[in-house]
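In what follows, chain A forms one complex with chain B and a second complex with chain C.
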Partner chain A sequence: MSWSRAKKRSLALGLAFLAPNILGFLSFTLFPLVFSLILAFTNWDLRLHNIFRQETLRFAGFENFSRLLTERDFWKYLGNTAFLMMGIPFGIAGSLITAILLSRDLRGGSRRIWVYLVAVVLLVLGTGALLLAGAGATGMTILIAGLVGLILMGGTLGGSTVYRTLFYLPHFTAGVATFILWKKLYNPHTGPINNALRPLLQSFGSVIQATPPGVLRGIAWACLVGMAMLVLTALRRLSRAWRDGEAGRLSVVLGGALLLAPAALATRWAPWSEGGLALAGAAGAMTVLALAAAIVRKREFRCRHDEGLGFALMFCGVLMIAQFALLGLSRVAAALPAMAANPDGMTPPEWITSYYWAKPAIMIMGFWGAIGSNNMLLYLAGLSNVPQDLYEAASIDGASPMQRFWNVTWPQLAPVTFFIVVMSVIGGLQGGFEMARTMTQGGPAGATTTLSYFVYTQGFETGRLGYASGIAWTLFLLVFLVTLFNWKFGNKYVND
Partner chain B sequence: MRHQHSAGVFVHRLAGAGVFHVVLTLLGLALVLPFVWMLLTSFKPLEEVNLENWIPTRWLPGNYAEVFETKGLQFGRWYWNSIFIASCVTFLQVFTSSLAAFSFSRLNWPGRNKVFLLYLATMMLPGLVMMIPNYQVMIELGLVDSYVGLVLPASFSAFGTFLLRQFMLTIPSSLDEAAEIDGAGKWRLYWDIILPLCRPGLITLTIFTFIGSYQSFFWPLVMLKSLHRYTLPIGLLFFDSSQGQQTNLLMAAVTMSVAPMIVVFVVLQKYLVKGIQLGAVKG
Partner chain C sequence: MKYVFVFCALALVAAGTLTKLTEPDARSPVPVVYWATDPNPARIEQIRLFHEWLVKNGYTTPEGKPAIELRLDTVNFDSSKLIVQGVSGVAADIWDRGVPDLENYSLLADITEDARRLGFDTSHTYPALADLLSVDGKQYGFPCNVYVVNFWGNADTFAKYKMKPPPRSWDIETFERIGKEFVGKANPPGKRRTVFFTSAANATLLRVLARSEGLDQFNETLTKCTLDDERFARSLAMGYKWTYEDHILPSAADESSFATQAGYGGTHLSLFQQGNYGMIAIGRYMLIRLRDFASPPRLFLSHLPYVEFENTFVGTRAAGIYAGSSRKKESAWFLAFLASKEYNDNIVADADSLPPDPAATTTEAFRHPPEHPNEWGTHEAAARAAQTIAIVESRSPFIEPSSVGRIVNVRIQEVMTGRATPAQAAKDTAERINEEIQRTLAESPSLRARYEELAALQEKIDQYRREGKKVPLDWIKNPFYRRYYVHKGWAQEN
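Presenting the complex of A and B:
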């Protein structure tokens, strides 16, 4: 291979500029990458291989992986990770709604500003005066009023930029400091959240006790019926897609499995075993019927098995989460009479110290940070790129705001949504470490241990570096497969 | 007739905007309340921290000074460590990234695109995979529990290179030719022409890197062993686990560690928002 002098020169020059960076890249990224892949197939353990004790390192083949897959904890932590990821759609919906609210031009003519300004200044001055006068217990009300006044003043004067700044703060500052803050907020006995909930729940408890138990049972059952309705509607939509050749066999089966998952899980909870079984049975029967009907009708259509997989999974996934929400509501409604009958009245949840509330608590905290996140900014940018004449055309056709959203905004934002979903799923699979380490230590009883925290405890607390590498690579494989899947099937859905 | 109509429209719009403002304000209130509680609690005397009333009956700004003097903590030192380490990382990372970005965007050398593709590919990998071998390397090099061990791995970033390359590609290449005709070498081109022109990109990367390093948790957590070398996140974690019942002081510490970020964000948000919307995602 004989290169011209000029070519050699350009290579040398290019590498010279690259050198400081690529040295670091090679030693702290590429080398560790290869090293960790090798590590994953060894029994490297800091308790066996350290300066005091030098046992021979053994090449372990797929031992780490087979052990991982047979370990019950691994599946539990995978489940925890998936559970926490169910908060993602809520966060995305929240940031989309916020972005839509913010995308309006909120600054107006001068007259309008003065009206707000006078009201707000009066509010703030009054609050300040009362605070200085030492207004004691009413202080809280005044504080809230003062805050509302301040934010409103900022918003009317500065328009959406002020709100945007405010909304973005929880996300921007998210880290150990804010997690410690939330740990204090969630304290079941002394935290402000339960301090605020306690009186509310006391009065709610008396309302519950005054309500005939039949009503609550009715609500609980209504939620289950709602679940069934969701399943049936979704199955109808799926079978229509099948009939029209928009969804292949694989898509329908996987989508149906997602739809039935909540009902199947419900059967594991003793109090609802009958209801859950009935539901699962009904839904199962419906699936079989729908599939049979579709097969009979579909003969003339031919489409690939995985046709429309992205659509089917996204649609069914969101409905699955809605079903879980209904299921949770139903269980709470069923449990309410017993809770209200407690001699101390109704007590607020124990949040991060309770096995059942720890994950929802972390999801609520995540939602707090997710509303005004990067996603909101991306949606804002996306919204400003939607051609205005599409809205005008829709208005001329007499479309309602909802119709305008579903027919113009949502399809136009599809690429942004796709990007956000991909990034959120990647982040979600690897997430949860910081919360687990600062707030719960992965507990109670492993309820908040995610896969990334599992890697940490195995690798850095126990010292099993080989095993931890195995977990990390398994996690990577998972991320890779999900992302590949998203690209393969989601991209098509976006471009359609 | 026309006048009447426009008055109606005005009232309608006023009400419409009013509704929007009220909704946004309430949302903003909900999001900001945790911070308000944090701030108010940091001024409380210890015996009031668990009370339902958020407002202190006695205001103690002295809590902030007390955090620095609390026995068993070295808060001032941690503050300094965090800022020092974040500054070093930021300087090194922006410098090496801009050099590499220059090489990837302005110089034409054989194999350039393949190497760049390799960079891009590693951006997809979870950082977690690299942590374990890097830790092993740090043990071998004796760099565990040292600043060098914290700064060095964080000073090279594929992401920063990618971001700056995107910025540099928007600068017209006719400038390069003009510089060459004037007899400027590649270094002059980089230093005198390209760098000043991609200032917004440099600022964006500076903020990202600084905040990322200031907030970084996993790596310092496994690397740092001695108290006086802790960074703020590790220090706060230690504070919470050793003296967490002193909620007022803890909240003062949390406030002080969040405050620089709020200032950075409010002052420089123009660059940040632009950087994020370019497809660059924090962390």
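Presenting the complex of A and C:
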């Protein structure tokens, strides 16, 4: 093929235009990427291999990876990362609810403006009452009340645009600034969160002391029974899916394992006396028996082993998180009498300075960031694309608002939800560095050290670049596998 | 479009040229030497004095101007930044971070010969610092200042609660008794505690307590961590008791609840000045910021409490020369300046810890600064502590000090959060540090021979100790045990 002069010139010009971008990509993205992959298979250590000391660089094969898998801290930090990722479904739900609320016309109409005005007046009166009650020192509380009033007024005048901007604010505010702000909010003794919680907990403590211990034990047990009910419900659903050929053997077994996880972990967290082990045993036996029964039962439809894997893991994963929440509630209910009997009364959590509260504190902060993030914008865009005819048809059929949501909105938003889940999972696996670095330094006692922070400490505190690259590529592999899984099994349901 | 492209390309070339022309080096008629240091306002005056010193000592241009220009680089003072820049060949000429830590990376130039020639060898400073300035007999740094950790107390706070300042030297029982009395008087019952005897139980305090029972973090030859010992467990337990039972030290939650902002010297200083802490464990450099307060308190100085062997940590912000610097010769002039009277007088006056030259602490200007009578009595006590009870932190060549710090701190946090018992934490600390040592040896075969030689020496030391024989002092590489063995009469001095 001969190239005309004009064509060559055109090609050169095109390449010249592209060159800055391509060169930038090659130098600052592709080269470091490939280089770090090579590093991961070497013993590159800044102490031994730098421009002043050139000890022999050794090809380490999979040494860095095998060491990682036997390192006790790695599993702890992977657990921390997974724990923090349990906040993802809540964040997604929050951003969806926010988007639905913000997709409505919130400008003050003739009636609505009065509602807002009444709310603002109540707020002002409430603030006045706080001041009169001697809460003058809690300036932050008053400031927050004032801000809420301003937001309501702003929303009345500007409609949803004001709220959308405000909700999106966390996303375009610098991360470190928001982390410092949250650090102040979480201040155990002087932070506004605990200042608000303290009087509530004091009153609650009195109520708890007056409550017969049997009631609290009953609540604790009710939560555990709730867990068992969730397991049963999930097993029924799994069993049906198995029978109808919607879930294969692998899907049922892995789903069952997820369902069993909270009960298994309960044995570590709850002593015998609180029934944790008994519950775990019962739930475990139930799961195993149900799975065994499901697998041996004659099926009406046959399918592949991994059929419905996405559904099984997603469904059982969400129920697993719900079980954890119930388990936590049960533990709190069981511990309430002892907490209320404390001479100082019931005290609010110490948040990021407490080993047990540091992770939930970071999850709450992540939830706050997630509801107003790009996810909210994506849902807003998705909502605007839902054909109105579907809603009209549903209304004509007499569907309630909730039915309209489940049968119209939710299925129509499936592609957006899928995309959000994929991106959130990737972000969750890679995240946690800035928060750990700014708020907790990975502490207390490693409670908030995530894999990304671990990469940093290994690379820049000990100088083991080969090992740090190994961790980073393991993290990549994890992200890749999870994403692959999401695409393979999640995408199908979106397209269905 | 192509014109836009050409325009952009030309604009980039022009911007690049402009950047090159306006580089600091290009704007100085003399070579520029960069000093990576902390953002302390005192550095400005120190640079001015250095330029004067250059002229006075004949390091000048033909026109009689200073032969070099020293400039600050405070942005790149962070250790990890320095290391990454250093191994990449683009770091500042002079660094004042830990010499042994950086020498692990071979990033510092050997200045032994320059130090001898220009008069700043280790004999010009505190003998206790030798291990922090030299590695394997080669000198790599000279102190910018010297800090000794002591309790600096606020006498006004004690007077407010009708208490006398604690004694200069005290055992643990006395510390605990006075501490309980102090917090009992300072905090009304039934209310949140806002006044504490001293700042939180940190690794420094707990390790000093263990050392006061004769236990250091490494053995005599620095080949093994020895913290799996009831003496370390006891100090961890003591830290827990003082924090959560006696409440004489603040917990992490208490500390984070103080609405102060960090500044030079950290948040503790504000809390100390306003009476939330009766004392703080810190070096003399705290006076820099304390003097900025409108009414600085009257001060006293007490040593850290001890069980049997009184001790504390001494450290230095030592300046070294970057091995990749193109201005090593000129940078060495700065290190010579650090040993000069002008520089030492400046440190005496601005209280940036102790001056490098111990002789400068014997002057009246050091002991009784006329503008700061509230500090009288503390200066000579700090200087005396540096020469009597202060011992540097032991550092093993087989593990990164930052790794040791991280492991110890996490285990302390585990005890403080109730995640581990003191005994478990002590065991875990030693196990992890020793695992890390073995890992370093596996990764660095060049260290293996030295390690084995030292491990064999350790066996001999252990055997001598079992047999009750005196151990030759030059066998002991750990600076703490060199002093402790002499104190106990176990050493055979050469």
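General observations
By our rule, the second predicted complex is superposed on the first by the 408 of 496 C-alpha atoms of A that agree within 3 Å, B and C clash if a C-alpha of one lies under 4 Å from a C-alpha of the other, contacts with A are read in each partner's own complex, and residues count from 1 in each chain.
The rule is simple: a residue touches a chain if its C-beta (ideal position, glycine included) is under 8 Å from a C-beta of that chain, and two chains touch if they have at least 3 such contacts.
All of these numbers come straight from a predicted model, not from anything done at the bench.
Clashing of chain B with chain C is the outcome of superposition onto chain A. In the superposition on chain A, A:Val425 makes contact with neither chain B nor chain C. Of the two partner chains placed by the overlay, chain B and chain C both lie in contact with A:Thr190. Contacts of A:Leu13 after superposition: both chain B and chain C are touched.
With both structures placed on the common chain, the touch criterion links A:Leu250 to neither chain B nor chain C. Between chain B and chain C, B touches the greater number of residues of chain A. Applying the stated contact rule after C-alpha superposition, one finds that A:Pro32 touches chain B and leaves chain C untouched.
Judged by the touch definition given at the top, the superposed model places A:Val332 against neither chain B nor chain C. In the superposition on chain A, A:Phe460 makes contact with both chain B and chain C. With both structures placed on the common chain, the touch criterion links A:Met86 to neither chain B nor chain C.
Contact with neither chain B nor chain C is seen for A:Ile364 once the two complexes are overlaid on the shared chain. Once the complexes are superposed on chain A, the part of chain C occupying the same space as chain B corresponds, among 147-155, 183-191, 237-245 or 255-263, to 255-263. Shared contact residues of chain A with chain B and chain C: 13, 17, 183, 189-190, 460.
The touching residues of chain A, counted against chain B in their complex, run 3, 7, 10-11, 13-15, 17-18, 20-25, 27-33, 35-36, 39, 98, 101-102, 104, 106, 108, 112, 116, 131, 134, 136-137, 139-140, 143-144, 147-148, 151-152, 155-156, 160, 163-170, 172-173, 175-178, 180-185, 189-190, 192, 195-196, 368, 371-372, 374, 377-378, 380-381, 419, 423, 430, 433-434, 437-438, 452, 455-456, 459-460, 465, 468-469, 472-473, 475-476, 479-480, 483.
Interface residues of chain C, counted against chain A in their complex, comprise 1-2, 5, 80, 83-84, 86-89, 104-107, 192, 251-254, 256-259, 323-324, 400, 402-403, 406, 409-410, 413-414, 416-419, 443-444, 446. Residues 13-14, 17, 20-29, 31-38, 41, 49-50, 52-55, 57, 95-97, 99-100, 102-104, 107-112, 115, 118-119, 122, 124-126, 128-137, 152-153, 155-156, 158, 161, 186, 190, 211, 215, 217-218, 221-222, 232-234, 236-237, 240, 247, 250-251, 254, 257-258, 261-262, 265-266, 269, 273, 276-277, 279, 281-282 of chain B are the ones touching chain A in the complex.
Residues 13, 16-17, 43, 45-48, 50-53, 55, 183, 187-191, 350, 352-355, 443-446, 457, 460-464 of chain A are the ones that touch chain C when the two sit in their complex.
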